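Below is a structure I'd like to ask you about.
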Amino acid sequence: MQKEILIAGFGGQGVLFAGQILAYTAMDLKMEVTWIPSYGPEMRGGTANCTVVIADEEIGSPLVEVPPLAILLNLPSYDKYEPMILPGGVAVINASLVDRGPVRTDIQQIFIPASKIAEEIGDKKLMNMVTVGALLTKLPELKIGDVKNSLKAHLPERHHKLLPSNYLALERGYVAAMEYA
Amino acid sequence: MAKELIKGNVAMAEAAIRAGLEAYFGYPITPQTEVLEHLAKRMPELGRAFVQAESEVAAINMVYGAACTGVRVMTSSSSPGVSLMQEGLSYIAGTEVPAVMINVMRGGPGLGNIAPAQSDYHQAVRGGGHGDYHPIVLAPASVQEAIDLTVLSFDLAEKYRNLVFVLADGSVGQMMEPAELPEMRPVVRQDYDWAIRGRGENSRPKRILTSIYINPLDEEIANLRMLNTWYQIKQNEIRFKEYYLDDAEYLVVGFGTAGRVALSAVRKFRANGVKVGLLRPITVSPFPDEILSLLAGRMKGILVVEMSQGQMLDDVLIAVGRQSPVHFYGRPGGVVPFPEDVEREINRMIVSDSKLVTDPRKAWLDRALAKI
Amino acid sequence: MSVNGWIEVSDMYCKGCELCVHACPQEVIDLNMDRLTTKGFHPAYIVKEGCTGCAICALVCPDSAITVYREVVKGRPA
Amino acid sequence: MVTLVKPENMVFSRPQAFTETSTHYCPGCTHGTAHRLIAETLMEMNIVDRTIGVAPVGCSVFAYNYFDTDFVEAAHGRAPAMATGIKRVLPDRCVFTYQGDGDLASIGMAEIMHAAGRGENITVIFLNNAIYGMTGGQMAPTTLPGQRTTSSPNGRDVELSGFPLRMSEMIAKMDGASYVVRRSLHDPANIRKAKKAIRTAFETQMRGLGFSMVELLSTCPTNWGINPVDSCQWVEDHMIPVYPLGDYKISLSVGDLRL
Amino acid sequence: MAKELIKGNVAMAEAAIRAGLEAYFGYPITPQTEVLEHLAKRMPELGRAFVQAESEVAAINMVYGAACTGVRVMTSSSSPGVSLMQEGLSYIAGTEVPAVMINVMRGGPGLGNIAPAQSDYHQAVRGGGHGDYHPIVLAPASVQEAIDLTVLSFDLAEKYRNLVFVLADGSVGQMMEPAELPEMRPVVRQDYDWAIRGRGENSRPKRILTSIYINPLDEEIANLRMLNTWYQIKQNEIRFKEYYLDDAEYLVVGFGTAGRVALSAVRKFRANGVKVGLLRPITVSPFPDEILSLLAGRMKGILVVEMSQGQMLDDVLIAVGRQSPVHFYGRPGGVVPFPEDVEREINRMIVSDSKLVTDPRKAWLDRALAKI
Amino acid sequence: MVTLVKPENMVFSRPQAFTETSTHYCPGCTHGTAHRLIAETLMEMNIVDRTIGVAPVGCSVFAYNYFDTDFVEAAHGRAPAMATGIKRVLPDRCVFTYQGDGDLASIGMAEIMHAAGRGENITVIFLNNAIYGMTGGQMAPTTLPGQRTTSSPNGRDVELSGFPLRMSEMIAKMDGASYVVRRSLHDPANIRKAKKAIRTAFETQMRGLGFSMVELLSTCPTNWGINPVDSCQWVEDHMIPVYPLGDYKISLSVGDLRL
Amino acid sequence: MSVNGWIEVSDMYCKGCELCVHACPQEVIDLNMDRLTTKGFHPAYIVKEGCTGCAICALVCPDSAITVYREVVKGRPA
Amino acid sequence: MQKEILIAGFGGQGVLFAGQILAYTAMDLKMEVTWIPSYGPEMRGGTANCTVVIADEEIGSPLVEVPPLAILLNLPSYDKYEPMILPGGVAVINASLVDRGPVRTDIQQIFIPASKIAEEIGDKKLMNMVTVGALLTKLPELKIGDVKNSLKAHLPERHHKLLPSNYLALERGYVAAMEYA
C-alpha cells in the first residue's frame, strides 16, 4: 500500500501542519511516512504546499507527479493542481475560497465550505482540520480516531485546550464530506 | 528510543549533538539553516561551543582550529557556502585532522536557487579544493540515514583522521520522516597523540599541526600516506544499498534522493515482472566500484539517475568500463525527478537494449533539449 | 480649510502595511477592509475629506503605491 | 476630488526610474522606501541611463528587477568587489551597491572595508535592519544585544556573539572614505534626510570624490515579529540609540559641495 | 616578431596584454606572482585597469564585475588562491560571462609548498565550485604554448561566454624559453547584446546579469543551454599534441610539464626502436577522449603520467573503457618527475605487457610506498 | 672578562620558551624581536605549557618552529578564525595569533574585524612591516603612499590603491575590543614598551577580559632594500608618522589591571 | 668605571645584522670580519673593554643570539 | 643533440644569470633552449640553482636527474651535486670556495679559482662568467664568440660599459680550463 497526498494553499492556512498531522498519525500507526514541503524564498503570504506519502513498506520518492489525493485550500492551488491529480483520484477543496466549479470529471472532487465551517466552530484557523477530516473519508488507512490520538500525542501539552475544537473540526469535515459524496 | 517525526536538517543537527559534537561553526544558508538554528539553541544549553561565523570562510577555519584540538567539530552549509570553504577544506585534509561537513545541496551554479540538487558531487568526491585529497562522502536518502550517517561521519573522521562530508540535498534536509535518534553519547575527549591542547601540566613535548611540507619530497610522502589511508578506507568502509539485484537484468544507479525516487520506479517494473534492480551508493566516496563492476558484467543496461548533469556518472563509467551500456538521466538545476520520469527512462533503456552509448550524457542532453 | 489634495493608491503595489495610515497628518487614510487586492491585501484609501496633498503618505509608502495630487493655485509658485 | 486627478496637479508619483514590477518585499518593509529614494535621486541627477546597480544576496537580491537601470547580481557580500570591477573599466558610469547588514557587515566585511580603503569611487547604500531577513531571521553582526533571532533564540548574548558592529563609525576611520553617514527610514523627517544623504553620496561619486556610503536603518517587520508601524517605532526606540544617526565622515571636498 | 628568452609567468601576462586584456585583478601568491607584478607595471602604463585585490575572493568578484561589462578580464593565482575563488567562479559560470583564470599550480593540499604540481586538475576540469558547469581548461607545456593559449583563452571565453582556465604549473611559470609574443592587438570593446554598461545615450532597455534562476525549471533550462554550449566547445575546440603515434604500440598520456618530461622518455625508447607514442592533451577540458578511445583499441598498454595522485587518469579510464591496460605513474606534492623516472615506468609497462590493471592508481601507490 | 661567564652572572639569555631552531628570517628582520618578546612574556607569566600559537601565512609562517609551545598553522589571513575555533573549545588555554600586515589587514580583514567584534578572548600580535615580505615585496594595505614595491613599481598611488589602512584605529572602534595598542620594534626604548604591551595583552586574555591586539611596526630590510640599521631609522622617519604609536583602546577593566 | 659586563654571541644564531653594534651605548661591539659562521655571516663580538652588561644589545638582537653577563656586587640588589 | 647544464651556488653568486647567458646564446644560435631555476621561499643567502637545456629539436624535460654538465660555485653545491653528475660528464668547480678534492673519478672535474680570477680582473661579481668561460671548453655547440655576441645583444645598453670585463672573464675562464685540462 502506498498513498500520496498533496496539500496546497496560502502560507498561513495551516498547509504544512495539515500534512504533519497526517504524517504523525501514520507514524503512530507504525506505517512508513514522508512529509515534504515546498520551500522557497517567496515573500510571506505566498503559496505553500506539502506532500505526504504513507505506505507499508520503505517509501521511495517523497514526491509524485500525479498525486491520487489532494487537499486544495484556495483558488490558485485549485487552478494549479486540479489538472495534476491522478485520474480516479480525489480532491478535497475548500469551497469557501474557490469560486468556480470543477473542470475535470475523471476525479472525485469534494467541495467543502471549510473556512465557513471553521468559523462556525469559532476558529478560522481550524479550516485545515476540516479539510483533513474530509480527506479521511477517502483514506481508510487512517481512522479519524487515529488522527485524534495523534493530535493529542503530539500537540504540546500547553495547547491541549485546543484539542476539543480540533476534534470537532475533523468531525465536521468528515461529515460534510460524507454528505457531499 | 521511539521514533519521532523529524525534519532532516534538525535530525542531522541533533544526531551530531548526540554523537558528541563539541563545537559547531556555521553561517546561515537555505536549505540547511535549520541545522544552524537547532544548534544555536541546543549547543549553548549543553555548554558546548556554537559560533555563527561571519562567513563560510571563517566557519571552516574555526572548524579547522577546533579540529586541531581533537574534539568533534562540524560545520554545515549549502552549495555556494561550501565553495567558499574549499581552501579551508584542503587545509584540513592536508593537516590530517578529523572534521565533518554537512552540505545540503541546492541548485546551481552561482546563486542558482534553493531547491534540492546533487550537483556538488564532484566538488565533494574529487575535492573542490586544491591538491590531492579524498574526503569520505556519505549520501543519505532518508531522515533515518541522515541521522545514522551523521553519527558515522564523526566515527570515520576520527578513525582515519579524515574529512567526512554528509552530502545531502535540499529534499533530505527539508523532509520529515519518522526516525530514531541515537542515545546521547557522553562527550569524551580522546587523548590523541597529535591533538593540540597546550603542552599541559606534565610539559609534554610541543606539537605542531600544519599542512606545510616545504620540501616536495616530504609532501610527496605525506600525499602517499594520505592516499594509503584512503585505500584503507576504501577497503573497510564502502557502503551501499541494493534492491532486487539477485536476478536483475537491468540496473539503476542513483544516490540520495535520486536513488529513492528511482526505487519507486524500479518497484513499478518489478510489479510487472521486469527484472530491474537498484544500487544506491551510500558512500559515494569511496565509490562502490567493485560491486558495480561485478554487476555490470551481467546487465543488459545500466541507468544512472542524478539530480545533476551527470557527475557520479563518471564513476559509474570508470567502474563499468564498457562491460554493459550505460544510460543517463539527469535533472539539473534544482529539479527533483518524479518516479514517473525515471520509469520512462528505464523503459527507454529496455527498448534501446544492448546498444553501447558512446556518451550517455550527450544522448540525454539531446533528448532533454528536444523537449524544451 | 478647503480641500486641495487627493491621493490615488495603486492596487498593483499597495500591500496594506498601514504606514501611510499612521503617517497622514490629516488622518484621512485607512485600509479598505472591504476589499482585497489581487495579491490579497486590504489596500489603503482616503476615508474622508481633508487631504492637503502634502505627500507625506507617499514619502513613507515603501511600495510607491501612492500618487498625490494637489490643486495648483495660479500665481503661486508650485 | 477626482477633478484634481490631472497630470498638472500631480505632485508625487512612482518614480520612472522604477520598472513596473511590484516588489517581493513584505508589507511595510522599508527596503522599498530605500529603493524609491535611490530611484528618485537617479532621476533628479539624470543619470538613470548611466547607472549600473549591484544587487546583493539578501532580501534585496531581486533589486535588479525594480530599477530601470542596468544591474548585476553579486555573490553574498561581494558587491563592493564586483562594483570595483565594473567601475574600474567604466569609470564614467555611476556604480552603486545596495547591501544588507548581513551582506555588508558579516560576510562582506573585507570587501566593504577595502573598497572604502581604496577610496573606490562608488556609492554604497547599506540597509541595516539588524537581522538576516532573507534566510528567515538569524542574528546579524548588527543585531542588538538581547535581540531574539532564530540563531540567538535567547537574545543576542554579547559574551558569546559580541557587540553590534557600527560600520559607519569604522569605515569613517579610513582615509579612503569620503562620505559616510547614517540615516533612518522610520518616519517622514528621517526619510527626507535619508534622501538628501543619498543625493550627496551619488554626487560624491559623479564628481569623482571617492567612496560614499549611506547607512540606512530599516525595518524587518516579518522577522522582528512586529507590525510595520510598530517596527518604525522600534527603530526609534531601540536601533537609533545603538546606531546614532549622523555624519561620520564628510571629506573636505564633499563638504564643499554644499548641495 | 623575434623570439625573446622569457619567463612563463611574464609571458602569460604580456600575452594577455597583447590579446587586449582591459582589466586584471589579482592577489600575490608564489609561483605566479610575476604575472601580477608584470601587470602592475604594464597595465597602468597602458591606461588599463589593474587592482591588487585584498584577497582572491575579492579578486574573482572584481573579475566577475568587469566580465559583466564585456571587456577582456582575467585573474591569476596558484592553488590555495584558486580554491578561494570557487564561489566566484561558479557565479561567473552561472552568469555565462567570459573570463580567464590562470592557475600556476603548486604542491598541496593545504599550504603545501610552492613547487610545480598538477593536482588541481579535477578542481579545474570538473568544477571545484558548486553546481554543474564546465570551464575550458588549457594546459601549456612550454612558454610558447603558455603565450598562445593565453591569447586563445580570451578568444574562447568570448566566443562561448565561458570560463577559461590556463592550467599551468610552477615549472611552466618559472621556466624561461625563447618564445614569440603576439603583436599588440588593439583593445576593442565588442558590442555584446548582454554586456552591462549602463543603458546609454539611446536608453536601450535595461539589462540584468545574474546567476539566479529561482524556478528550478528555469535553472534546468539554463543548465541544459550551458551544457549544450559545452558540447559545441567539445565539437570544435579539442586540442592535443601527438608524438610518434602512427605506429605506436604503447601510449603515454600526460599534459603540461608531465607531458614534456614524458616526451624525453618516449624519445629514448624510440631511439632504441621501441614503438612508444605520446599524447599530450592541450585542452584537458574538453578532454580529447575520442582520439584516445580510438588509439586505445590498438595499444598494448597506456601509461598515464601526472604530477598528482592521478586525476586526469579518471578521464583516461573513461575514454579507454578497458580497451587496453592502463598504468599510472604520479609524482604528487610538488615533485617533478625526471625523464629517467618515466623511462622506468614505460619499461615496467612493456614488461607487464597486456595484463589489465584493475586499479592503476593502487598499483602505483603500492610500488611508491614500497620505495619509502 | 671570561670569568664573568657564570650562571649567576647571567642577566640576559635566549628565552627558554624558544626551541633551539635558528629562524629563517633575514638578518636584522624584527620579526625575531617580536618573537623574543612573546617568548619572554609567556615565560614570565608561566603559561608556556598552556599556550597555543596560531601561525599565519607570511614570513612568519614557520613561527611554529621557534616557540616551545603547541602551534598550529592557519590559512592565509584566517588565524583569528582558527584561534576562535581553538579558544572556544579550550577556553582556559592561552591562544594567540601572530600575523603580518598582508595576512591581517588584507586577506584577513573580515576575520580580524569579527574576532574583535565578538570580543574573542584571544591575543593578536600584528606585525606591520608595510609590505608582503614572504612573496617578495608586494604592496600591502599598509604600504605607505609613494612607497615602491614590486606591485607598485612607481610607488603606491593613493588614487588607484587607496591610503594605508590603520588597523589599530579601526579595531579600536569596536565595542568587542578590549586592548588595542600600537608599538614599534625599531629601538631599545620602543622594544621595551612593546614588551609591556605584549604582557598587558596576554594578561587581558588570561583574565578573560576579551580581545587584545598589539600592532608592532617592524622592518623588512630585504624587501625595503634598506640595511637593517637604516631600516630602523626608516620606521622612525616614515612609518611612525603614518602609524602613530599609542594606546587606541584600553577597556575599563584592562585599565584597572595596572600591570 | 670598572668593567663589569660581558656578552657572548652565539654563532648558531647571529646573522651579522649589526643592530647590536649600533645599539651598544658603550660602542664595544663590532662584526668580526675575519670570521664567517657556518651560515655564512660575520658574527658580532666585543671589540674592546667597557661592556656594562646593560643588555641593550640583547634587547635589539632579533635573533636572540646574545647572552649578557654582569658582575653581581654582593649586597646590591641584582 | 641535447645538452643539459646544471649551475648551482649561493644566491647572489650570479647562478641564475650564468644560466641565462647560456640560454641567450643558444637562442641566438637558433637552438632550442630551456632555463629553469629552483625557486623557494628560502631566506636570502640560501642556495640557488638552475638548469639549462640546449638542443636542436623540441626539448622535452627542462630538468634531468643526472646532468652531463655542471658548474658548481661553492662547497655545499659541490657536496650536493658531485654525486649526481652523469658518468663521463664534466663539472666546473669554483675552486676558490671549495676546499676539498674530488671524490668521483668517472667524471671530469675542472677546478678553476674563479673567485680569485674575478678579483684579479677587478670585479668579484664576474666569478660566474669565469666559470661559464671554463664550461665553454666542454660545450662546443656554443663558441665563446657567440656568448660574447649574446652578452652584447641582451645586456641593456646602460650596462655595456661592463662588456669588456665580462669578455675578459669568459676568456680567462676558458684559458684556465684549457690549461687545467
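For the reader, a short list of remarks on this structure follows.
Lettered A, B, C, D, E, F, G and H in written order, each chain numbered from 1.
Note that a contact is a pair of C-beta atoms (placed from the backbone, for glycine too) under 8 Å apart; a residue touches a chain by one contact, two chains touch by 3 or more.
Just so we're clear, the structure is a prediction, and the values are computed from it rather than from any experiment.
Counted as hops between touching chains, the shortest connection from chain E to chain H is 1.
Each step here moves to a touching chain, and the least such steps from chain B to chain E number 1.
Contact tally for E-F versus D-E: the pair with more C-beta pairs in contact is D-E. A separation of 36 Å divides the Cα centre of chain D from that of chain F.
If each chain is reduced to the centroid of its CA atoms, chain B and chain G end up 61 Å from each other. The geometric centre of chain A is 64 Å away from that of chain F, both derived from CA atoms. Centroid to centroid, with C-alpha atoms defining each point, chain A and chain C lie 41 Å apart. The multi-chain contact residues of chain G, meaning those touching 2 or more other chains, are 39.
Among the residues of chain A, those in touch with two or more other chains are 40-41, 45.
Contact of a single residue of chain F with at least two other chains is seen at positions 25-26, 61, 73, 75, 106-107, 109-110, 113-114, 118, 141, 160-161. By the touch rule above, chain B contacts chain A in their complex via residues 3, 5, 30-31, 114, 142, 170-171, 174-178, 257, 260-267, 336, 338-341. Contact residues of chain E toward chain F in the complex are 27-30, 33, 36-37, 40-41, 44, 50-52, 54-56, 80, 110-111.
Residues 57, 61, 73, 75-77, 106-107, 109, 132, 135-136, 138-139, 141, 150-154, 157, 160-161 of chain D are the ones touching chain B in the complex.
For chain B in complex with chain E, the touching residues are 57, 79-84, 86-87, 89-95, 105, 107-113, 115, 117, 119-120, 122-123, 126-133, 210-224, 227-228, 231, 308-309, 311, 314, 317-318, 321-323, 331-335, 361-362, 365, 368-369, 372.
Chain contact summary for the complex, chain G toward chain F: residues 3-6, 8, 10, 12-13, 15-19, 21-23, 39, 41, 46, 49, 51, 53, 55-56, 58-72, 78.
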